[in-house]
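Heads up, the next two complexes both have chain A, just with different partners, chain B and then chain C.
Right, the complex of A and B next:
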């Protein structure tokens, strides 16, 4: 058992370090953090302009429930950052000969999982640190204006979310965003294993851009309802299903799980049969 | 023993090779020669299990590749490139691979690094290694688990005269230990010096040279 864990950990480490040191990862990482910085600063401006109070848990919720204020851009840059799964490096062959196809696939799936968790952790920590200077001490929901002249300011946190604690709301927001990004990486991986490495990237960038490029209101409601970005964040679910998000979230998570299982089954089928090429050179 | 029976591989309409049969025995060094793109690497990849043949079977140490096992058991490889993480040191790279294979005796790593003429204590990252040094480390990587089989594609690439001589000597030593060794090179001189049996690829067919 310990040996199996050590082997999986070693394969993951090999993948992660290769990914981590890639210039694309570093550049995209800086761009994503810059976007998170801009978002945190605009959030701070709203807080100060409207004299809003905010506890730590609430600000984390505000970020997580909105994919750090910029779902389209952050997801698109994240996509570019991780678009090369599996990593096309010759060490893959040296790892493979010491393993087997299914263990290798497991390490790819684990890579997707860890990268999404790392991304969420990094963005949450970074954004939360930027909000520290204007936080008020306390727990529970506050985030209402302390200035009586600004009573018209809409609440940042919807009433139906206030029914649960900020901690619970954060767990839900985390789960939804994680499910969206994890499924996104699985789609990239599936296309890549099927020999179409750019297919997943093109599909997801198109999905992310749909609501920006189309006159969204003109699109039939049933199409709008099946676009995955509507289920990418808790805030988006709230927009499509106002006041019903708490009941929609479990359904959305269930659908994500079913899709993920389907994608993984597809990968198992492909990996058992595919030729394993990791560099342009070793295709000869 | 490695037994290749009636092996064919094609990509779409383009056939790489057809109906290849070959048996490799313990204690022999066999060589593959042929022009670039003739199918040497593809054959090696089929033996390892990385490439699925269009038809035919490969049996390695009594295990049918793709049926009994995914990849050739007890096999050390260099395929096309020595394949390491460029920002890790030699020792760190081999430790990572040893963790995957479950190699318990980690002192073996330092021994094989020394055996190929490199310094196991060196903190230098692989990215700063010359091609010859990478190739030497590739050989250390291939032999570190003391496998029964070695499949080495262009093992003399980038090596200077002394390097080539060192690797020749090492291969003869491994042969005397009863290993099955398969080499491929576009340089037929390197191969004829090292090998007991040489096969040449010509128009998708394999011929044994006298």
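Right, the complex of A and C next:
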């Protein structure tokens, strides 16, 4: 058991170090942090301008439920950050020789999982640290304007979320965003393994861009219901399913799980049959 | 120069770039037109509103810096990876190579993006009623009183607006393609060459300078967006001029370094 864990850890470490030093990771990482910085600063400005008060938990909720204020761009740049999975480097061959196809695939899946978790942790910590000096001590929901003249200022936390605690709301927001990004990475990995590394990228960037290029108000409702970006954050789910916001979340997470299982099955099928050769020449 | 231009305008990526931008523009126009198809023509949106809607309300603004490098600038990565660039420099000079590559990339991006918008505008002028608020008061677009568009909308069904937006899109697309050239000579990665201009655009339009240094720059979409005044156009041209100059210098330094030490 310990040996298995050690082997998995070694493979994960190899993947991570390879990924971390890629120019795509470094450049896109800086851009994503800059976008998170802009979002945190604009949040701070709104709090100061409208005399809003906020506790730590609800601030984190505001960030997680909106995918750090810019779902399309942050997801698209994150996609480019991880677009090379599995990295076409000779280390992959070494891993395959010293393990087997299934263990290698497991390490890739684990890599996707860890990358998404790390990205969420990094962005949440970074944004929360920037907002920390402006927070009010306390727990629960408070983000209503203390100035009665500004009662028209929209709340960051909608009424249906105020029915649960900030901790529960953060867990839900985290789960939804994690499911969206993890599924996105699995799609990229599946296309890469199938020999079409750019296919998944084009598909997902198109889906992300569709959410900002199409005039959704004039599109039939059933089309809106099948667009993945509508299930990407807790706030988006709330917009598409008014009055049923919280009851839809478990269903959405269930659908994500089913899709992920299908994608993993597809990868197992491909990896068992494919020719594996990883050299720099194969780089997309 | 002739060979490079032929290469630029006959490559599939040139057509792809124009096609993506054209399709993006339809994201507003098609749903807006077809959702009101059952109503009399005068109650539908005018050709001008349908042509500009994709830019004013759709995502065309976001995708423009993404599509521009795709037209020809990414071929710089192929030139580097295939070892074609050192031969070009040997047969001519660094300056000649930079001149040819910059002009061809600028023109390819400008024609792909500006042409896609013009084609889109022509189609919607054939399909929908032309903009004429004197005959169809329902079509009146509420342009800002002091803006150039407010005065131009009354001339020849808004023809000067179409011309200005096409030129604005074409010029900014050209500048983003030069940015992509500068990127690709330092980081020879096709995806990054396409993405970095979009990243700069995104950070610029999100007012990064305001949150970092306390001042706002003119919006990067000023040259083809609403609310244009002569002052704003001048400021935007200066901003894009600075970007163009910095990119050309970076590109020159990159080509020189790769030619001398690669």
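We adopt the following convention: the second predicted complex is superposed on the first by the 279 of 284 C-alpha atoms of A that agree within 3 Å, B and C clash if a C-alpha of one lies under 4 Å from a C-alpha of the other, contacts with A are read in each partner's own complex, and residues count from 1 in each chain.
Heads up, the rule we're going with is that a residue touches a chain if its C-beta (ideal position, glycine included) is under 8 Å from a C-beta of that chain, and two chains touch if they have at least 3 such contacts.
No experiment lies behind these values; they were computed from the predicted model shown.
**Q** Putting chain B and chain C on the same copy of chain A, do they fit or clash?
**A** Once chain A is superposed (C-alpha atoms), there is room for both chain B and chain C without a clash.
**Q** In the superposed arrangement, which partner chain does A:10 touch: chain B (first), chain C (second), both, or neither?
**A** The answer is first: A:10 touches chain B but not chain C.
**Q** Name the contact category of A:24: first (chain B only), second (chain C only), both, or neither.
**A** second
**Q** So, A:53: does it touch chain B (first), chain C (second), both, or neither?
**A** neither
**Q** After lining up the shared chain so the two structures overlap, which partner does A:100 touch, if you call chain B first and chain C second: first, second, both or neither?
**A** The first partner, chain B, only.
**Q** After superposition on the shared chain, which partner residues are touched by A:83: those of chain B (first), chain C (second), both, or neither?
**A** Only chain C is touched by A:83; chain B is not.
**Q** Applying the document's definition of touch, where does A:212 land relative to chain B and chain C: first, second, both, or neither?
**A** second
**Q** Of the two partner chains, chain B (first) and chain C (second), which one does A:230 touch, if any: first, second, both, or neither?
**A** Neither chain B nor chain C is touched by A:230.
**Q** Considering only touches as defined above, state whether A:41 meets chain B (first), chain C (second), both or neither.
**A** Touch partner of A:41: chain C, not chain B.
**Q** Please give the nearest C-alpha separation between chain B and chain C in the three-chain superposition, to the whole Å.
**A** For chain B and chain C in the superposition, the minimum C-alpha gap reads 17 Å.
**Q** For chain A, give the residues common to its interface with chain B and its interface with chain C.
**A** Common to the two interfaces on chain A: residues 284.
**Q** Residue numbers of chain B touching chain A in their complex, please.
**A** 36-37, 41-42, 45, 48, 50-52, 69-72, 75-77, 79-88, 93, 96-97, 99-102, 141, 145
**Q** Which residues, counting only chain C, touch chain A once they are in their complex?
**A** So the residues of chain C touching chain A come out as 24, 27-28, 31-32, 34-35, 53-54, 57-60, 62-63, 187, 189, 191-192, 195-196, 199, 202-203, 206-208, 211.
**Q** Along chain A, where are the residues that touch chain C in the complex?
**A** These residues of chain A touch chain C: 23-24, 27-28, 31, 34-35, 37-38, 41-42, 70, 72-73, 77, 80, 83, 201, 209-210, 212-215, 217-219, 284.
**Q** In their shared complex, at which residues does chain A touch chain B?
**A** Within the complex, chain A touches chain B at residues 3, 6-7, 9-11, 13-14, 17-18, 21, 89-102, 273-277, 279, 281-282, 284.
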